[in-house]
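Working notes for the structure below.
When the chains are written out, they are named A, B, C, D, E and F in that same order, and each has its own residue count from 1.
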């Protein structure tokens, strides 16, 4: 067990180091999110009242797409250069190794997205009082999204145009997250109680933490065959 | 010259054949578009009048993202397996070969998107009378988007996480298309005259046809260096 | 026409030396102009009859915005020259402009937002000029991102040059399309942007500020361009001579 | 003086704006010099190591 | 695809698999390490089917395929630290020693991205060596290597079998390994 | 990186470039075909710098790098039809003949995806042959090939130089090509 723990720690360290060696790339999901949040007012209307109405939808769809974009790279390089094969043949629990990878991934993509969401929300004319609630909702939501994405990304390893298939697999599964997330955000904007939708989001995250790494490990093994 | 023509024809034929050999993948941008169009009513509200209001924005952002998703694959395989290197060393005009590739790409992604847009629009409570105008606008807009994407995709060849960078490069350049596209759609929905925005879209498409293949060829040569 | 000046300018050791000599000639006047402009703007200029003292933000905001656009233009021109004539020095110039331009875009956005709060009651509205400036920031970030993603400096130069040239075509297009977009959707009434009626005592410090920021930009570019030249010329003999000296 | 500092009630906008701009100017000066110094140090290191590439 | 094949290998043996292009060498090796399932028949390790306790089996083997499993953005030393670290504790000195041994000390601190094809292969071989496991399965280990590199592969294999380990390798030209302890099987298409 | 290198090759000659791993063979070949620019010095063809009229120069050469440029979803025959087709008109019979010659007739109609490493290399060689150009530049052409494949590469080169063509190849082990008409240059690191 201590060996597994040590191995997982090394995986985290390695992924962090790789990320910081390409520091610029950490910004991409953030920028994507920012750009999508900019495009909406351009495509809809610059009026604050109308923007405020669509803000929950825009924020969650932006977060969903940005996190999808990011998760596409979760395994790609490891699969291409044979690292994933080595993980599977390392004699360690693949589930744990992948859990470590997914956790690092959320740290590097989901968390920054959550920290960025108040800025985007403000640009969509959301009142400042609603911002803390929005950060909470997006944080929990992205945990669930990362875990969900980890499974679909594992299923699409080695498929040539995996990215498109990945969206297709993930988006329908992400619908409940989107609904509760948008609901939580809408309530935050109205100033009403957001406990119920947050509770659902948290439930999905917990479910994800327990099941997703197992499913991802199984999917990776299948993909390598 | 007849040799160049013959070469371009073969490129088109090859890409069509590859596409039909992976028929399923032709559907991905379409499905992505469809999913984004469905997510909005879920995240916002199912009321027809509100949906109709956001329809132009949703349609164009959906089309933009779907076409971005598709253009990511324009060169990826050819770059990885060395085909692009062979193109550059073929003794033929790289500009023409890439123009042929981009045209085929639009045929396989932009055109289906345009044909699909009335369905998505209808789902967003757009009145049927507006649908032909929407098809026209999306057709022309996707031509310009494909050409624009062909340049940014060429710039990101061989970059490890090209996809994210690709979005970052393309989205700001696509702002005018988005604005005029959404405007044309809004006018189609209102039933007013949509000549002016369509005219702008067409101007961008023409500008793209003349300049984009040249820029793409320069970018490809640089990427191979 | 005699083109020797062009080739001389294009020679890396020449520009390296020239830039080094020119820096103080831009830097000190820049410091002087900015100090004078600031004093004139914050102290001497009378308050605006509508906005009171709030309008004084213009003395940092407008020059920053001006610099952000000027830097992009310079960058694109240098990039185009570099592409066409395969001129290392021009690429070095383009690469030097980008981070400066990006930072002053941030400055324009932030000071504009700080100005917006008292004037419009909110930090941000989707006004055409603001939106265009935001898109400009994305263009800069894309340029810097592309550059940092490519390992080989020669490749990075040429690829980002193509992007800069494509982008410069886009800046005015964005500007006018955004204007058109916002004039059709009715604009929120809080933000009638129109030019404040500006009097000479107000205008003079502003003009001095413009001069100061331009000189500052040139000084910054010249410092950076020397480093960029060294990065591109590291195997050349003149570098070892210059460095050893 | 306090009248000057209060900027006719706009102090909370004007001073942050000025400070921010000058912060960015200062940072640009530092960054430009650093970028040049780094390039020179790198060149010096290579020459000292006798590595021409 | 592969039929009528049956063999066993013992500690201290080197099994060289040869065969013309497409004979099935790669497929055989991937079956041995358990990346693909045999359609009929089975692979056993210490008398047990390898899929019975795959994790224990994998802890005993090192696999090197056609491609070298290296991260382009990390240096050779970092690559080995992370790749080996998930299997066992390795000291930095051990890694440095292995890199020297495969002739990779000259570029131990450059990103792998900048290495030539043969330089990468050498780093990958150091990884196999450092795994410190009894069974090595190598697919064309000498690809891209110069003649000194061929000798190196031979020496590494020799040392591994001298220590009682097992090496299975697919090759096109015989490796310079002493005849004693070497067994060869040739695959033929059809 | 490469310094002090100067040579010229004439019609009917085979130039074999050798050198240890990382000596710069790949870099040299990529410079020769014009994919990278020489930092100093230049490559000339018929007395003209190759970048002066790059397209005309490229119409005269065939390049095969470390990887075989094949589409995984097309069959070998289709691959050749499209790859060669952009250079010149090729008849189906010509392609079939070339595939037979490289021993690829057995799998001419299977997607390349299912071929082994050596089988792919053979198809790529058929492509070089069919280009029907005077200059071939090959980076380790015999990678992944069995011994029959090595002989095949030798024969192809021999035929090309007999017809007055030029072949430049980077290799680790000398190819079986007659001494007459062969020149060797060795690169050494540093």
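Methods note: a residue touches a chain if its C-beta (ideal position, glycine included) is under 8 Å from a C-beta of that chain, and two chains touch if they have at least 3 such contacts.
Keep in mind that what you see is a predicted model, and the values were worked out from it rather than measured.
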When I count C-beta pairs in contact, which pair ends up with more: A-C or A-E?
A-E
Report, in whole Å, the distance between the mean C-alpha point of chain D and the mean C-alpha point of chain F.
53
Chain E to chain F: how many Å between their CA centres?
30
Hey, how far is the Cα centre of chain A from the one of chain D, in Å?
35
By the touch rule stated above, which residues of chain A touch at least two different other chains?
22, 25, 28, 31, 35, 42, 77, 160
Where chain E touches two or more other chains simultaneously, the residues are 72
Within chain D, the set of residues that touch 2 or more other chains is 53
Tell me, which pairs of chains are in touch?
A-B, A-C, A-E, B-C, B-F, C-D, E-F
Partner chain A, residues of chain B touching it in the complex
22, 25, 28-29, 31-32, 35-36, 39-40, 42-44, 50, 53-54, 56-58, 60-61, 64-65, 69-70, 72-73, 77, 160-161, 163-165, 167-168, 171-172, 175, 178-179, 181-182
Using the touch definition up top, name the residues of chain C that touch chain A in the complex.
122-127, 131, 134-135, 138, 141, 144-145, 148-149, 178, 181-182, 185-188
Which residues of chain C touch chain D in their complex?
34, 38, 42-43, 47, 52-54, 56-57, 60-61, 64, 99-100, 103-104, 106-107, 110-111, 114-115, 117-118, 216, 220, 223-224, 226-228, 230-231, 234-235, 239-240, 243-244
Chain A partner contacts - residues on chain E that touch it in the complex
33-37, 55-56, 58-61, 63, 65, 67-74, 78, 82-83, 85-89
Which chain E residues qualify as touching chain F in the complex?
19-22, 25-26, 66, 107, 115-119, 121-122, 140, 143-149, 172-173
